[in-house]
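The following pair of complexes shares a single chain, subunit A, combined with subunit B in the former and subunit C in the latter.
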Partner chain A sequence: MSLRRILAMMRKEVIQIWRDPRSLLVIFAMPLVQLVIYGYGVNLDIKRIPLCIYDRDATQSSQDVLKHFQSTDYFRIVRVADDYRDVIDHIDRGTCTMAVVVPPQFSEHLRSQGKAEVQALLDASDSNTASVSMGYALAILQGYSQQVQLDWQQRNGIPPVAPNVTFQQRTWFNEDLESMSNIVPGVVAMVMAVVGAFLTSLTIAREWERGTMEQLIATPVRKLEIQIGKLVPYFVIGMADTALCAGFAVGWFHVPFRGSWTVLFACSALFLLVVLSLGYFFSVTAKSQLGASQSALLVTLLPTFLLSGFIFPIDQMPVIVQGITRVLPARYYVSILRNLFLKGTAVQLMAGDIAALAIFAGVLILLATRAFHKRLE
Partner chain B sequence: MNPWSSFKRIGHMVRKEFIQTLREPHMRILLVGPPLIQILVFGYAATLDVRNVPFAALDLDNTQESRALIAHFSASRYFRLKKYAARREELREGLDRGNFLVAMEIDSGFARRLRNGPGATVQVLADSSNSNTALVALGYLNQIGAEFSRGYQIDRMQRTAPERLSSLPQVDIEMRPWFNEGLESTWYFVPGVIGNVLLILVMMLTAFAVVREREIGTLEQIMVTPIRRWEFILGKTIPFFLIGCVDAALIALAGTLWFGVPFRGHLGVLAAGLVAFIVAALGLGLLISAISANQQQAMIISFFFTMPMITLSGFGTPIASMPSLLQKITYANPLRHVIVILRSVYLKGVGFDVLWPEIASLMGLSLLLLGVSILRFRKSLD
Partner chain C sequence: MMGNEPSVVVENLTKRFGAFVALDSINFQAWRGEIFGFLGPNGAGKSTTIRILCGLLRPTSGRAQVAGIDVAAKPEAVRQQIGYMSQKFSLYNDLEVIENLRFFAGLYSVPTKDLRLRLAWALRMAGIEGRERALTRTLAVGWKQRLALACAVLHRPPVVFLDEPTSGVDAVSRRQFWELIQQMVSEGITVFVTTHYMDEAEYCNRLVLIDRGRIVAMGTPTELKTRHMKRDLLMVECEPLGPGLEALHEIPAVLDAAVFGSSLHAVVANAQAALPGIRRGLESRGLKVGRVEQIQPSLEDVFVALTATRESVPKGNA
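Presenting the complex of A and B:
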């Protein structure tokens, strides 16, 4: 192994990257765009649900019920309907997610029988939004019901005590319940997967496709030297991207960072080794840029996005899928990131995750190295 | 201009494209793999439902009431009692380790305050690193607490003033979830997967196919053949249009037959929406190919486009919770429209009368994208 040849290889790769400043710009702009979109746009917290109200009773009490819906931040009244067809139409068109209908004789039933019911119609195609809306609506109605009961008790001379259980809630780690803090670790992992696996998957495949591999084969450079020379520049880009991403998240979006930066960079380096090796492996085996990059996308990006626990919580997945996530490096990395950013967990508690990443890195480096044959076919 | 010979030239182009796409084993797998994986993941794994949240309880009161409250929680399907803690430190440590997400501490005097006083308070700690789960879980918590209180009150009235119990007023709400009665997240995600997969597949394949010719230098060879520009573009795009259609049909079949997602609308409405969308994706692919010099650029740029498009499509997160500026931007996103069409046709069963604005916007977007890309393309060929 010669350092001179590795440096020469690296220099060629850096020149090739540098020659295309637009791609380089995109590589650095991408995480920022992602963060901005997620930071300002994506909100997993469901609030301001578009609501349609239809008061068929039109009395003081029916207005009271609806006022309860009006005064929360959870619902936003977009339509006051005046007939049933209007309600159905708005739900069909998706302009409102929920419709609260107060039936005729609502107040009369409440007065004479002591029992009354309002109706909530929901567009439940989005099951999550629907179940959250149902929870909100139920809570609002319970509040109203309790108020009615207290009034009644007062009027009938029963001491108006509500044997109430209230919960004093404190949320830890992400005190303001910001999705952003939850998303940042995921964005970092995703950017790494893209830079690491996507870009490297092109490097060797490009040489094969353009025919320059044959020229490389004719030179004395060894296959390990090619590998190191090709991967080091991308490693540097990946680390820089991580730093940029984390810095932007903490500096601009005020996502807390409670762990140690050293651990962050060490673990990022490990994860980067994993994805770089994966990308390199596909680059070597696919021999066309399209095939290599699509395989890399399939194996790194999709699982990082879907199965790492970044958006969809792992503990809610079926047991079999939970088992599958154990062989995905991204899962461990996302969990480490989340611990570092939000919890500030001590390294000892994350030892299992870190060890898993290290094992993946070792195995994949070995695999990538063995898959490459520097010879003509 | 002889229509027959131009037809023949397009046919040759299509054939060449098919051979090039299908000859590599990697590519053959890729046409089937990603759609399959996405549908499996979204069918089985991706769920935002919050159930069986692991919780721990520290019962310092240790009365019948406090035990009843805990039993109330563990009996609901939303919470699962993971640990009966004996000391306060255990709660903190378990939350740190992620053993449970919610910890509640019932102080001594809980039952006394519940019986005599203004109501009892329970301390709750929640791990909110995943804000959605935390928010939903806390919602359930309050709901269960309210149920508990009401049960307790009725219980007490039964003992003290049973004759009055029947006249205690009560207002209920009756929930009628439409379109997805069982609240299955599979029903919600699987139709959206069709749009996602189509976008990525059609756009990337098209972009790569044109750029590859430029990168390898075969574009110049094609330009000296008698093929015309529009024939070239048609010949390039038809194969991917067909591949897109086949993939869409496969996912749709798998969704209906395997996952039992109901199909309540008309196939014609869906087809109209999908065709308009595929054309838009083709236009986007051509546009990317026109502005990139090599495959690496094409890939990076298409990635740069796809991620925000998926994020802002309403596929994973509801558009209604985005800020209003971003909500407006989503109208320029073809994926948003097709996902609305897919979900509405599948679950709501609505027709053209409701969906025409979406289909019209898709057509407008696809014409715009195709037009711009053909203009750009002409320039880049010269």
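Presenting the complex of A and C:
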């Protein structure tokens, strides 16, 4: 091994990255674009559901019920309908997901029979949103009923003694139940998959395509020196992008960071070694930039997006798919990221995930190193 | 000029790609300080030989030794002793001239104390002083070629391999390039060069003619022309060429004939005896005949005479 040759390789690689606008775009702009897209675009919280109301009773009580819908963050009244046609029209057009209709004689029934009904119409083409809306509506009506009951008891001088079991809930780690806090840490993994695998997948393949590889392998530079010289610049870039993403997550998106920064960078280094080796491996074996970059993205970006738990929770996946996620390095890294940002989990408790990453890194480095030969055959 | 130790030794070297025999047990030696030419049509095995000698391909059997080192056993040791210029132009286009030079100086571990002098020498040699900071892609082909040569010899290797170094380069640049090579040789460097330009072969001290993986002849250009051409050669100017060639083949005195640029070459046993018959034969077929005279055979004529597949031999300026 010669430091001189490694430095020559590194310097050349850095100059080439610096002169290539596409690489610079991937390095500097892509992380920010991903942060914005996933940070703002992927919102799994169902809030401010568009609601249409139709008050056929038009009394104090009916207005009270509807006010309960108005005063929560879960619904947003987009339409006050005058007749059923109007209600159906809005649901058909998709301008509202749910319609609440207060029937005539609502207040009369409530007074005389002690019970009354409210109609809910739901657009269930998105079943998840529909059932969540239904849940919200039920909770709101329950709250209203309790209040009516309480009022009645007070008016009649009866002390409220009805047995009542309630939840004392406390959410941990993501106190405001913001899905943004859940998503944004995972973006670091996405960015690394692109920077690490995509950019490196081009570096060797480019040399084969342009014919410079033949010149390169006719010099005394060793294959390990080529590998180190080519990967170190991308490693540094990957670590810088990690810092950039983490900084934005905390500074801009106000995602808490409760773990150790040292552990974050150490684990990111491991994951980087994994994706860099994969990119290098494909670059060496495909020998064409297109083939290499597509294979690299297929085995890094796609599984990271779909199967790492980044967006879709792993424990909700079919058992077989859950099994598949076990061979994905990204799964362990995303889990570590969440733990570090939201939970501040101690390193010992993440030992399993870290060990898995380390094993992947070791195996893939070996694979990448063995795949490259200084020969034309 | 020639030293007594061989720089390149090749013994029974064979290379197969699957069923295809690219090199069929070839033998030769190149001596220190000579321009050793490998001449032959495309696909003859020239590049394969060079690539084996640079350790880029493994021989199927046989032995190759460069600067006293066995290539198959110690490829990296050989690579420090050689400079290589591949067929395709292969410097980094997105690097500046000086960056390319520094890169190769680094890979060849050119001593830091010599670096400045060596870089200056390389720039002067390539004729690109003052354009150090130009991006390599902006250079004309001739300059790129000389820069590539400069990069390949920055570490002053005793042996230099050039694979068709002048293909696609204009005539002036080609001459400049050969002047560079001659200068290098005068400093004791062995230059091993492949070409399919017959005129360039005249620059070589010794030549190997190779065709379909076999060596068909070896020697100095003069030796090849005299030893392998026992018959006389006639240059025939005739219009039109195609029917002229057919006519020549039908004349009994003509042993062989081929198109050569804008004229025809005919091989005969005795030039003086055959001359009148040829002119008569062509004219009787209604062809317009210009000069018909005996000429010195060129290397291409030798090549045509030595190989059965005339069609595959490119013309002098192909």
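What we mean here is this: the second predicted complex is superposed on the first by the 317 of 377 C-alpha atoms of A that agree within 3 Å, B and C clash if a C-alpha of one lies under 4 Å from a C-alpha of the other, contacts with A are read in each partner's own complex, and residues count from 1 in each chain.
The rule is simple: a residue touches a chain if its C-beta (ideal position, glycine included) is under 8 Å from a C-beta of that chain, and two chains touch if they have at least 3 such contacts.
Please read all numbers here as calculations on a predicted model, not as lab measurements.
When the two complexes are overlaid on their common chain A, residue A:V221 makes contact with subunit C while staying clear of subunit B. Contact with neither subunit B nor subunit C is seen for A:I77 once the two complexes are overlaid on the shared chain. Once the two complexes are overlaid on the shared chain, A:A8 sits against subunit C while remaining clear of subunit B.
In the superposed model, A:R22 lies in contact with subunit B only, and not with subunit C. When the two complexes are superposed, the chain touching more residues of subunit A, out of subunit B and subunit C, is B.
Legend: residue contacts after superposition of the two complexes on their common chain; A:R210 is shown touching both subunit B and subunit C. In the superposed pair of complexes, A:G94 makes contact with subunit B only, with no contact to subunit C. Once chain A of one complex is fitted onto chain A of the other, the partner contacts of A:L244 are absent, as it touches neither subunit B nor subunit C.
Overlaid on A, the two complexes show subunit B and subunit C touching the same residues of subunit A, namely 20, 210.
By the touch criterion given at the top, residues 2, 4-5, 7-9, 11-12, 15-16, 19-20, 210-212, 214-222, 374-377 of subunit A touch subunit C in their complex.
Of all residues in subunit C, only 51, 54-58, 75-76, 79-80, 82, 84-86, 88-95, 99, 102-109, 148 touch subunit A in the complex they form. Subunit B makes touch with subunit A in their complex at residues 24, 26-27, 29-30, 33-34, 37-38, 41-42, 44-52, 54, 69, 95-97, 104, 114-115, 117-136, 138-143, 145-146, 148-150, 152-153, 156, 161, 164, 166-181, 183-185, 187-188, 204-205, 208, 212, 215-216, 293-297, 299-301, 303-304, 307-308, 311-312, 316-318, 320-323, 326, 340, 343-344, 347-348, 350, 354.
Subunit A contributes residues 20, 22-23, 26-27, 29-30, 33-34, 37-38, 40-50, 65, 91-94, 97, 110, 114-132, 134-139, 141-142, 144-146, 148-149, 152, 156, 158, 161-175, 177-179, 181-182, 194, 198-199, 202, 206, 209-210, 285-295, 297-298, 302, 306-307, 311-313, 315-318, 320-321, 338, 342-343, 345, 349 to its touches with subunit B in the complex.
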